[in-house]
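The two complexes that follow have chain A in common; it is paired with chain B in the first and with chain C in the second.
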Partner chain A sequence: MKLGVLSADRPLVWMLPLIFMLVAFTIVPLFYNIWLSFHEYAPFKRQLVYVGMQNWQQLFADPRMWESFGTTMFYFVVVLSAEVVLGMAIALLLDEEEFGFGLLRTILTLTLVVPPAIVGMMYLLIEDPEFGVLTWVLSSLGIMDKSTPILATASTALWGVMLADIWQWTPFMVLIFLAGLRSLPPEPYEAAMLDGASAWMTFRRITLPLMSKVIAVAVLIRGIDIFRMFDYVFVMTSGGPGTSTYTLSLYSWQQTFSFIKWGYGATLSLFALVVILVIANLFIWAARVRW
Partner chain B sequence: MVVRSKTSRVLRTVAGWAVVALFAFPLYYWLTVAFKDGNEIFNWPPKIFSFTPTVKNFEEVFGISLGFGFGEQREVLPGGGNWRMGPRLWDSIVIAVLSTALAVSIATLASYALSRMHFRGRHHFVSWVLSTRMMPPVAVAIPVFFIYKDLSLLDTYTGVILIHALMNLPLAVLLMKSFFDDIPREIDESAMVDGASRWLIFRRIVLPMVKGGIAATAVLCFIFSWTEFLFVLTLTQTGLKTVPVVSSTFVTSTGTAWGNMAALGAAAMIPAFLFILLVQKHLVRGLTLGSVKQ
Partner chain C sequence: MANVQYRNVGKSFGSVQVLKDLSLEIEDGTFVVLLGASGCGKTTLLRMTAGLETVTAGEIAIDGRVVNDMHPRDRDIAMVFQNYALYPTMKVRENIGFSLEVAKKPADEIRRKVEEAARVLNLTELLDRKPSELSGGQRQRVAMGRAMVRDAKVFLFDEPLSNLDAKLRAHMRVEIRQLHDRLKATTIYVTHDQIEAMTMADKIVLMKDGNIVQEGSPDDLYDRPNSRFVAEFIGSPQINCIDGVIEAGEGGARLRTQHLAFDLPQGFAAHAGRQVTCGIRPNDVTLDPEGAIVGTLQIAEKTGADVQFHLDVDGTEFVAVAPRSAYRQAGERMSFAIDPGKLHVFDRTTGARLTA
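After this line comes the complex of A and B, so read on.
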C-alpha cells in the first residue's frame, strides 16, 4: 500500500471526478450567472456592459416577474396537492392483490418515461379545439363549448397545462406510496381492527403518521421538479395566451434567448434558484428529511 | 389480514382497472394517431377505436419502406424541412449512452467513498450533492450557454453529454450510496485485515455485489437523458438534436403533422419502456434518490 497524494485510502481521490464536475458545472456557472446579473447586453455596442444593480432593481419592480412568480407558485400548490392526494388515493386502491393489479402497477410506470415535451404535445392534441378528445368529451357533457379553446383561453390555459403534469406524475406518487404502504408493520392495523376503528380513522391515525417520511421525500422531489417546470408550458402555450402561463423558468429563458436580455434573464434565473433553495431547505429542516 | 366482502373486492377491481385505463388512454390515443392517416386524425368526433391503420407516418419519419401501406417516399414534406428523424434518434442514443456511462462511473467511485470512508464534512458534501438537484435547469443553462460559446462546445456531443452527466450526478451518487450502504461493512473490514488494498476490495469484492444497483442507476440516468428537453434546446443549434426537442419541428406554419410527430414519439418511447420494465425492482428507490427502499 503506497501512501501518497493519490493513495486509494484518501476519500478525496475517489471523489475528485465528482468534485471536478460539480465545480465546473455548478459553482463556475453560478458565479458566472451572478457576474452576468450585473451586466446587460447592449445591442448597439454588441457587447455586455456593466449596469450595477439595475437588473436586480428591475426584477423587484417588474410586474411580469411577479405575475410569473405567482403563476409558478399557484401551479406548484395545485399540481403538488393534486398529485399527492390522487397518488395516495390510487395507491390505497391498488394496494391489494385483486385480478390483474400487478399488471396495472406496471402500466402506471409507463407515463414516467415519456419525455415531458412529448407529453406536452400529446395534451396539445388532446385539448385541441378542432378535433381534441378532451374537447369532444367536455362538449358532449356540456361542460365546455368548442368555441372556448382550452389552451388559448386565459382562464383555462394553465389548467390545461396542469392536466399534463398531473397525468404524467401522479403515477410517480402512486408507486412511491405503494412501496411505503407495503413496508408498514401489520400490528397497528390488527389492534385498530380489534378496537373497531373506522377505515378513515385507521388511515388518519395509523397510515398517515407511519407514511410521513415517505410522503415527505416524495413531496420534496416532486416539489423541486414542479417548481422548475419548463417543458410543458414551452411546448403547449409558450407562456400564452397573453402572459397567463409564464412560469419563472420560462420567463427567464425567454428574456435571455428570445429578447437577448442576457443579464436580466440571468437575474431572473438566480431569483428562481434562491426561491427553490429556500423552500426546499426549509422543507427538509421542517420535515426532518435525511439522506 | 383484513377480510373483505365479495362486493367490495369486485368494486375495488373495477375501480382499479378504470383508473389505470384513464391513465393509459392518452398513450393509447397517441399510438393510434401514429398509425392514422391525416384525415382520420382531424376527424370530429375523434376516431378512438375505429380507423384504418397505416404505417405511412413511420415510413416518412424514418425514411424507410416497411413494405406495406404507402411505398412512395416523399423527400421534402409540406413546411419545407427535412423530416428524416433517423439521425436525431442516433443523436439521442449517443448522448444518453455516453452521459450515462460518465455519470455512473463518476458516481460509483464517489459514492463508495461516501459510504465507506469517514472524513470531515461528509454530511455537508451529501447536502451539496442534493442541493445540485434543486438548481433550476434554466439557472445552469444560461451561464453554461455563454461558457460553451467561449469554449466552442455549443452544438457538440461533448457539451450535451457533459451537462446531461452533471444533471444525473445527484441521482446517481445518492442512489449508488444507498446500494453501497446495503452491503455490510464487515466484508470490507475483514478483507482489509487480510491485507487487501482499498482499490482491490472495491474492484473485486464490493463492485460485483452492487451490479444490480449499477444497472438500475444506469437505466434511470439513461431515461432522464433520453427525455431531457431544456439543455438540448439551449445548447444545440443545428448540429444535433435529441428526439424531445426535434418533435417541435413538426409544428409548421401550415399546420402540425400530428401523425409524424406521434410516430417519432412512439418510436422514442419504446426503448425507455423496455428499460423501465427491467428495473421495476429498484424503481421506487431510484425515483426517491435512494431514500425509500422497496
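After this line comes the complex of A and C, so read on.
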C-alpha cells in the first residue's frame, strides 16, 4: 500500500494534529497569559498598556488574594480528605460479589452525570433556610437553628458548598478505588487470615500499601480539580456572604470579567497555576510509592 | 501440635461435587502427603482445613474441636501457598514476622525469631528486600520462613515446590522434611508428584475424583498397591501392566498372556480362569537368558548408574531397569526373569488387587 507522506517513517506528519492542538490551545494561551500579566487594560484608552511588575506586586500585597488563597487551601484540604476517606470506605463496602452490589455500583455513578452547576442549584434548594431538607433535618436534630441560613452565614457557607462537591465527587473516588480493589491479588489476604490478622490490620498493612498508587493517582486528579473549583461557589454563594467563600478562581474571574482587569486576572490565574504545579509535584515526589 | 480428623467431609461448588464423603485421621506430629492428579480435590481439602473454603458436608476437627465454622485466624494453622502469597509491599523481614506482629509479640522477640528463621533458610542477606526483588526459590524460602516462625498446631503445604527447578526441588524436599523432624508439628502436604510423596511422607493419602483410593506408608503403597490405579500412580518408571488369564496347572498357578506364560505364587490357583492384569515393576526384573519375559529392545536410556530398557513385548511396551553394565543396542532380543513374589495381580474389570 502506498502511503506517501503518511508512511510510518515520517512520524512528524502523524504528530502534526496533536502539535497543532497543543500549540493553539495550551502553549499560545499560556504565553499570552504571561504577557497579559505584565499589562493592564486602560478603560479610557481602550487598550492594554504595559505596567511592568505592577500586577505581581499588587498580587502579593492584596489582602483579598490572600483571603481567597486561604479559602481555596482550606476547601482543598477538607474536600479532598473527605472524598478520599469516604470514597475508600464506600469502595470497601461495595467490593462484594453478592447479589445487588453490581446495581449499587452502577447507581453510585449517577451523580457524575449531573453538571456541577446543576448540583450547585440542587444544594441551593437543599440548604434553603425556608424549605431546604437539610435545614429541616439539622434543625430537627437540634444541631442548627432554622433562623441561621447555611449559605448566608459566614461561618457555615463554605461548608455548605463543600457538601455539594463531596456529594458529587465521592462516587468518582469510589469508582477508581473499586477498580483498584478488584485487581488486588487474593492470595496475600488468605495468607493474612491464616497469620491471624484482623480486618483493620489487613487493611492497614496490606490493602492500603497495595492501593497506594491508585490512591495517589486519584488524589492527584481530584486535587487539581478541587483546586480550580468554580461552579459551586459561583452558583451557590457568588463568593458571599461578604468575601467568605471567594476562591482563587472565583476571585480571578471577578477581577477579569466584572472589573475588566484583564492583566490582574491573568496574574491571579498564573499564580494559581504555579501553586498547583508546586503542590502536585511535591505530592508526586512524596508519594513515589514503590513495591 | 494436634491431630486432624475428617469425618464424612464433602464439598460442592454449585452442582459440582469435588469431595465425596471423605474420612481420614491424621495423627499428631505426622507428615501426611495428599497425593493425586490435578482436580482430585486434594487442594480443596487442604483449603478447607485452613478455613479458606467452606465445608458443605461432614466435619473437620483439629485437636478434637470441630472447626467447620471457625474463622481461619482462629484455627492456628500455618500454610505455604503454591504461589507463595507473599505480602508484596513488605520486606522479607516483615513478611516473615507479620504473624508475630499481629500477635503483638515484643519487637526484640520478633527480630530474634525472624533472624533465626532467616539463618536456617539462608535468607539473612535478603531480609531487607521486597518479594519482587527475589527469585522463585528465594520467595519459596520466605514463604517457608513465614510458616516456621509460627507456633502453629498444623502446617499446610500446597504444592510448594511445583514452581521450582529440579535441583532446587530436591534440595527443598530435604529442607522441608528436616524442618518437620525438628518441629515435630502435624504437617499436611499436597502434591501431584509421587517422588515428593515417597521421599517425604510418613503417610501417603492417594486421592482420585474426590475419594481416598489408598492411605498408608510409602512402602505400603509401593509394595501393596490396593488397585491398578495406585500401582500405576506410585513408582518411577511406571509399573508395567500385562493382561492375561490365571491358569491352575500341576505344581501351582500360572499367568498366560497372548504369547507369554509365567509362574504366579501358588495361592493364585484359587482364581483360575480369571481375567487379570499383572503389574511388574521395572526394578523387580532381572536380566536372565532363560527369563519368561522376552521382547525386542526398542531403545535403551542411560540414566546414570542404570539403564532403562524399553522393550516391545507382544506389541506392548515393557520397561525394565538394569545396571549400566547390561547396556545393549536397540533391536536385540532380551529376556528378563521375574520373582513371582513381587508380582501384583489386579482384577481386569474392577482393578482391585487380588491376593494369593
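The rule we apply is simple: the second predicted complex is superposed on the first by the 277 of 291 C-alpha atoms of A that agree within 3 Å, B and C clash if a C-alpha of one lies under 4 Å from a C-alpha of the other, contacts with A are read in each partner's own complex, and residues count from 1 in each chain.
Rule of thumb we're sticking to: contacts are C-beta pairs under 8 Å (C-beta built on N, C-alpha and C of every residue); 3 or more make two chains touch, one makes a residue touch a chain.
Just so it is clear, the structure is predicted and the values come from calculations on it, not from any experiment.
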Chain B and chain C placed together on chain A: clash or fit? fit
Margin query: Taking the superposition on A as described, I'd like to know which of chain B and chain C A:270 touches: first, second, both or neither.
Written below: first
Touched partner set for A:106, first chain B, second chain C, both or neither: first
Given the touch rule stated above, what does A:260 touch, chain B (first), chain C (second), both, or neither? neither
Discussion item. Quick check on the superposed pair: does A:210 touch chain B, chain C, both, or neither? Answer first, second, both or neither.
Written reply: second
What is the contact status of A:193 with respect to chain B (first) and chain C (second): first, second, both, or neither? both
Counting residues of chain A touched by each of chain B and chain C, the higher count belongs to B
Tell me which partner A:201 touches in the superposition: chain B (first), chain C (second), both or neither.
second
Now for A:125: first (chain B), second (chain C), both, or neither, which partner does it touch?
first
Least Cα-Cα separation in the three-chain superposition, chain B to chain C, whole Å, stands at 6
So the chain A residues that chain B and chain C both touch are 193, 291
In the complex, chain A touches chain C at residues 185, 187-188, 190-198, 201, 205-206, 209-210, 212, 291
In the complex, chain B touches chain A at residues 1-2, 4, 9, 12-13, 15-17, 19-20, 23-24, 26-27, 29-30, 33, 41-46, 48, 105-107, 109-110, 112-114, 117, 119, 122, 125-147, 162-163, 165-166, 169, 173-174, 197-199, 202, 223, 226-230, 233-234, 243-245, 247-248, 256, 258, 261-262, 265, 268-269, 272-273, 275-277, 280, 283-284, 287-294
Counting only contacts in the complex, chain A reaches chain B at residues 1, 8-9, 11-12, 14-15, 17-18, 21-22, 25-26, 28-30, 32-33, 36, 90, 93-94, 96, 98-101, 104, 106-118, 121-126, 130-133, 136, 140, 167, 170-172, 175-176, 178-180, 182-183, 186, 189, 193, 214, 217-218, 221, 224, 227-228, 230-231, 234-235, 248-249, 252-253, 256-257, 262, 265-266, 269-270, 272-273, 276-277, 280-281, 289-291
In their shared complex, chain A is touched by residues of chain C numbered 50-52, 71-73, 75, 77-79, 81, 83-90, 98-99, 102-103, 130, 132, 146, 150
